[in-house]
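Read through the structures below before going on.
What follows is a pair of complexes built around chain A, which joins chain B in one and chain C in the other.
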Partner chain A sequence: MSTTAPENSPLRRFLHNLLQSPWHVRDAALRSGLPTTDRTRSNFVFGNVFLHLHSVRTHRWSLRWSTTWGLGLAATAAFLIALVSGVLLMFYYKPYPEAAYDSIKDIHFVVPTGRFIRNIHRWSANVMVVAVLLHMARAFYTAAYRKPREFNWLIGMGLLVVTLGLSFTGYLLPWDQLAYWAITIGANIAQSPREVTDAVGITETFDPGGLQRELLLGSDIVGEEALIRFYVLHVMLLPLALVSLLAVHFWRIRKDGGMTRPSDADQRLAPKADVYPVFTEAPQKTYQLAAIVKGASPAVGRGPENTVPSMPHLFYAELGVLMLTVLVCLALSMISDAPLKELANPSVPENPAKAPWYFLGLQELVAYSAFMGGVGIPMIVVIGLGLIPFLDREEAETGAWFGGPGGLRLVARSAVFGLASVLGIEAFAIRFGWLREWFPEIPQLVITAVNPGTLLAAIYAAYSLWIVRRYGSARAGALALFTCFLCGFVVLTVIGTHFRGPNWTFYWSPADWPRH
Partner chain B sequence: MNKNKHLLLWSSLGALCLLVGAAVQENFLKEWRGIQASIQTDAGPADVRLRQIVAPKLGVTDRCVTCHVGMAPGEQEGSGHPLAAAHGPVGHDPAEFGCTVCHGGQGRATEKADAHGDVRFWPAPMIPTRYAYAGCGSCHTHIRVPGQSELERGRSLLERYDCLACHRVDGRGGTLRPGGVGGMEGPDLSQAGARGFDTRWHEKHLQFAGQPDKAGWQDAFTDIDTAERDSIEAFLTSRVGAPRLVDAKARFHSLGCRGCHKIGGIGGDDGPDLSRVGQRDPGQLDFTHVRGEHTLANWLSEHTRDPARVVSGSKMPKFGLSDDDVDLLTYYMLSLRRSDLPEAYWPKDRIQASRFGQREFSTDGATLFGTFCAACHGDAGQGRRFPGSPPMPAVGNADFLAAARDGFLESTIWLGRPGRRMPAFGEDAGGLRREEVQAIIAHLRREAGVKEPDRLHPLPRWASGDPDRGRSLYDRHCAGCHGARGEGTDAPALNHPLLQATASDDYFVETIRRGRRGTPMEGFGQPSTIHPVLALGDIESIVAYLRTWEKRQ
Partner chain C sequence: MTPTTATPRSRLDPEPVARRDFLGIASLASFLAAMLFAGLGVLRLPKAAVLASPAKKFSVALPDSLAAGEAFVPPGRSVAVFRDQEGVYAVSLICTHLGCIVKPGQSGFECPCHGSQFAADGSVLRGPAPKALPWLAVSVRGGECVVDESAIIPAGTKVSG
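And then the complex of A and B:
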């Protein structure tokens, strides 16, 4: 019998280390042991590069479902689903005309669950667009863009643009008739500044529209160059841009003090048994550094009362939203197949050729003036949205739904006004036509300046300015304008999607469309 | 937190269920798996796996054989399922050509409706089985097919000379044995046109018939004269193993369809080009006024039956065709496919037709007349009239042929009547060659028994008369049909510059004098109940008046 202790025997020490190595790997990975107590969980979140985007503790107000309805999370979840399903599709997809179409057919018919995966990719992309739009509406109606979150609002707008760009670039890749003609429409919209340069007569020397179109397509027509461009944008540049912006977006949520909440949030929250003041726990972490920081950091001068550890409380919420989004995407993918029409054929135009649904509102305006619908109005909208946090410098009712002078009543009234204006103008233009029908010789510049799109924008702007005066508040004007914008977007999109047929003529139902 | 936990739990369970559902559907519920699992071969149950035929040069990836397992390359014929059956005997190896090149459909698909193309957004559905041989038209352009009457003559000669006693053609014959002996004496001729036959067959048969040791030959074969041999050979040349398709093509080339429709560049230009009509996408067709199923075959047959009902405003007349004619025309139109396959795969006949100028139809006068003229001028040249358009002249009329010289006929066919419905058939327009136009004229003269008339006068323009007198005669006797200015409201247009340029005074004078019996054009040289007899001078005056239109143009 050996009297040698294990630590004295090299072989036994080796064996011991070998057997223990899995646990050692775990400890090495986790840095602070298993996250079993609040403190170790905090350390775990803190020490993890991904989880560190969260703050360690989350205010209970942020976890209320009605605070955010999980819309930003849903958009992120949809992006992750699209990312995973998209990478799977990339294994089979061949970005070259005709081969692209054939590879989609192969994905449909012989790649195991390929059709399902493609459906998931397509549905998650649509869910993402919807979630991003709703998330923006949520952030607006709870006045979450206010100081110190103005910059994050701008980042969010960047994310909206990138999201639409991702969806649009993905639209071409199947190389079918739907894709081909939708992108042709999109490229023509990119060329729409020509409407103005042509009218002024400077297209020969200064042609930003043509340049934009050529940059987009890499050629005069939608062809192999366009396909590879869209592919690179779709699978590399735009996802990278989106991920980078997302990281900043999340990071800023944390740095800007978490979710917006009303100033009286702590009073309105019912006391909860397992929420305890952290400072009584004698934390190892000192707040000395934070205490001497001056300035805008939201954590300064405030203790973490009424907060709960992000792990597990916030993570359950996040995972819950993620899985709900997965469920929704899967269910939609089971019900409805992603469309795939005939192989792209430049000699057989689709009529009507329609852009992806989220651009159909713009296409409706393009029907009146390509420049205004394609460039003018979108720029006005983007600039207007970007200016909101800098014009509305008020503080009252931040974090409350429809907070601000007028509140929900004003929103409802603006919705009625917004719907009435857009429906009225559209009904008039559909019934009686527009300037070109009455005065065939009229210069195009007049129509560029005066068309249903610009008229609608002007009416909305005038209405909002009137509200600003009436309520003496920029927030009230913003509520009015944003609500009108949403109404206009929805109505124009619905008209473009369902009520426009061949030659962009109005039809009550696609069943009434003439056949060729 | 509990709310969120529940959200996570139930969402995850729901997602899991859907994923399991998708996996089950993918691995167990695919129709082709069931088909393959039920098939037994001599070597045991068939492997359950995806099968396909890939021919990169043809752009073929055909997974049809995933369900039609018995037709897969290297696969044994099995039992247990109808789809285990092997492909019938066919000249082309499916392992080399795949399925869709001939049959259409969507080769990449693995589900029935998609594969057969019975879905939206697939432009090339399968050719219906009863028109299956239309698929030959993807590559083949069966050449020198005679018109129907020629074809029938060959067929009946084969019967008359009892060739079917020893030979088999299209599944008939070869059963009667001298002395009751079984077995077939002569070769099967069903594909004589595709495989070729010995052009000295007649001498050889005669030679055999003269040999005493060939039992039965002496009285089985007699001499056949040259004209009949030509008919028999024309018939044999058309035997390519697709008898109904060849009948359809013969019918098409007897009804004069090419008078208005071009195929492969040959034909009139009054109607749409039909070169690839068999490949039209049914999704692009208007079925609003079409009864029955929404297939290309049905659209074509409904349209052929009554064009203006299917395509409103169509200028194509309603011909009152029989059901069988409609079916034959549909069959032939479905075969007009001409797929863009690599030239290396083109068959001999297509190369002969598209590279060496060989005709797809026989170039005898009867077939040519049937091919290009019969639709408007009638199958015997008796003339026709269709609602809404001036009557088409009776070019087979003996009086007409007795007035018109061949040069005039030739230039009329060559140049047409621009502005009227008669297209130009000259080489750079309708694509006919000089000798073909001459063959048509010879055919008309042979059928009517009228030789080319001699010149009445050495000069083409000789009629002298008083145009003013001609005018009053014209207004009284001619303007009713030919129009006040000769514009041809209800009869040929006499002011047409090409008519004026090519017709001699002989022609005008003779036509007015003789008229055209059997048509509304009365002869003014004979007494009639409705008009006086005109003296030659009066007729010349009318001609002089007609000639005034030429000068003004």
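And then the complex of A and C:
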């Protein structure tokens, strides 16, 4: 605590100021003193450039665990960890083919704490992907994409794509066998529209696939041009894109009125003793601004009932999620090392050559048709997800978990249906093979159009349309389709990760793989 | 230039753009147009003018002991060269599915990545590969074969020499 300066001698004043300087620096930084009253707590938030992405008061509904499970925050925290560890790795990493492999080996075996930083970078990236996927699922199941949050759902889709792009570009950088062959396959997936243009015979004049591959690799092989492109994307362009999209994402959360909550949220929350029922010390500023701003602002015409100051209630919760995420990443990095195979060898493919695990569901589909599995179906999924908020214009049960006609029972039934179809189709294709095995002369276009991937998508779509008719509700159809999609994603990913061995043959366990 | 017939402007006519405003708008518009065209031009930057890649043509001496129909893979190349009674021929080993390197076996080729299988002439037997393995141009010069990986020729073309 600062005390008033003694008047008498200049030297004593000097000494006194010197000793007090830490507190004065703190006061200068805080602008309005310690956050001890509701008013200074508000000042604490809107006087700080980072914190003022939050509103000064938070509804108690938003703070319930079951509202968000902190998943968006966990994704943010994982991203921050990856950012910090990634910058540290950049001090040693050299983006040039053979040097790249050697520098990663150095980081792993020689650089002090290098292996730890490399591990935590890998693990935080994985944690981020998991958190983003779960976060999307929670935003979907609580119908949080509805008006006025449609746009933020689209920004979220952008974040999903950029997150996956970051993982994919990072995968090449170690320049080992795993990296080289995963990227070779990835680049050829980018080229796979040729599967169709070749079959129609127009590749000479119209070749989007070839162009995509060339833009990605900067060459017709995976070489130094590809490595530098992936490096620039991984350390500059994609992180910048992610941060920009995140800024919009967070800002819109605030402008759209905080977390989605059910219309009866206030009744459902038990009364809380220390919540002010009306304006007391709450700052007038924000609410006055909201009143003159045109358009529907969520704060207009509503008092701060059932809200608590964001400092400390929200910030401590956020800090808790951050600490938990750090803890998980730390523990994983202690338990398991990031992989590093032999130096990339363009004449001997890794067998099996597997992409990162979250792409293995797609790789499973790619093993039937490169174009459909790698380009067609992902595009259908992204467009379908993006359309959800614009097809479901209903209002009932917004903000409630599994809210909508049918509710949790419909979700459970769709899960059973979704699992049964994907397991059935996969079991059939693994046991009996697919079209070319029975009719060797069959045209490629038929296989591109009819394969386990497209069949599954068609079955899911038909089932959801039937649900839309049956319940007379687009939300019911969306619940069915999203649940089926999740089941398909999980099953295909597990098959691709665990049950596929050398030559992409089915094995019950990796222990059965032939040794060479 | 002054207009020769000066009709008085009605109050209902829109205000003419003042000269200073006009200059401002014109310079802003030309600036935006210049940026737009420069931007469109620079879009071509990521498409390399010359694809840097190792030479596609190489020569190789086949060992005398090479049996008819047995694959010879020159080190570091993704091509199998064969010799039989009718002559010499080369088949690309890059899988037409997603670009893994196929393994030559007794009666054809197998891909380790997604299990495509090809007959000895490169045609697809099973798996996801959409096309046959291409045959590559070979010429025989002295005792050596020159293979051009960028020249695809009809399957079944063999050169004697």
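Descriptive notes on the structure:
Just so it is clear, the second predicted complex is superposed on the first by the 472 of 516 C-alpha atoms of A that agree within 3 Å, B and C clash if a C-alpha of one lies under 4 Å from a C-alpha of the other, contacts with A are read in each partner's own complex, and residues count from 1 in each chain.
Note that in this section contacts are C-beta pairs under 8 Å (C-beta built on N, C-alpha and C of every residue); 3 or more make two chains touch, one makes a residue touch a chain.
It should be emphasised that the depicted structure is a prediction, and the values quoted were computed from it without experimental measurement.
When both complexes are overlaid on chain A, the residue A:Ser9 reaches neither chain B nor chain C.
Touch counts on chain A: comparing chain C and chain B, the chain ahead is C.
Of the two partner chains placed by the overlay, chain B and chain C both lie in contact with A:Val348.
By the touch criterion defined above, A:Ser263 lies against neither chain B nor chain C after alignment on the C-alpha atoms of chain A. In the superposition on chain A, contact of A:Gln20 is made with neither chain B nor chain C. In the superposed pair of complexes, A:Ser244 makes contact with neither chain B nor chain C.
Legend: residue contacts after superposition of the two complexes on their common chain; A:Leu330 is shown touching chain B, with no touch to chain C.
Judged by the document's definition of touching, chain A residues 348 lie at the interface with chain B and also at the interface with chain C.
Within the complex, the chain A residues that touch chain C are 181, 184-185, 187-189, 192, 195, 198-199, 211, 214-215, 218-221, 223-225, 229, 346-349, 351-353, 366-370, 433, 436-437, 440, 444, 447-448, 502-505. Taken together, the chain B residues at the contact with chain A in this complex read 1, 3-5, 7-8, 11-12, 14-15, 18-19, 21-23, 26-27, 50, 61, 63, 106, 108-111, 114, 121-123, 281, 283-288. Remark: chain C residues 46-48, 51-54, 76-78, 97-101, 110-115, 124-128, 130-131 touch chain A in the complex. Taken together, the chain A residues at the contact with chain B in this complex read 63, 65, 102, 105-106, 108-110, 112-113, 116, 176-177, 308, 312-313, 316-317, 319-321, 323-324, 326-327, 330-331, 334, 340-343, 348, 515-516.
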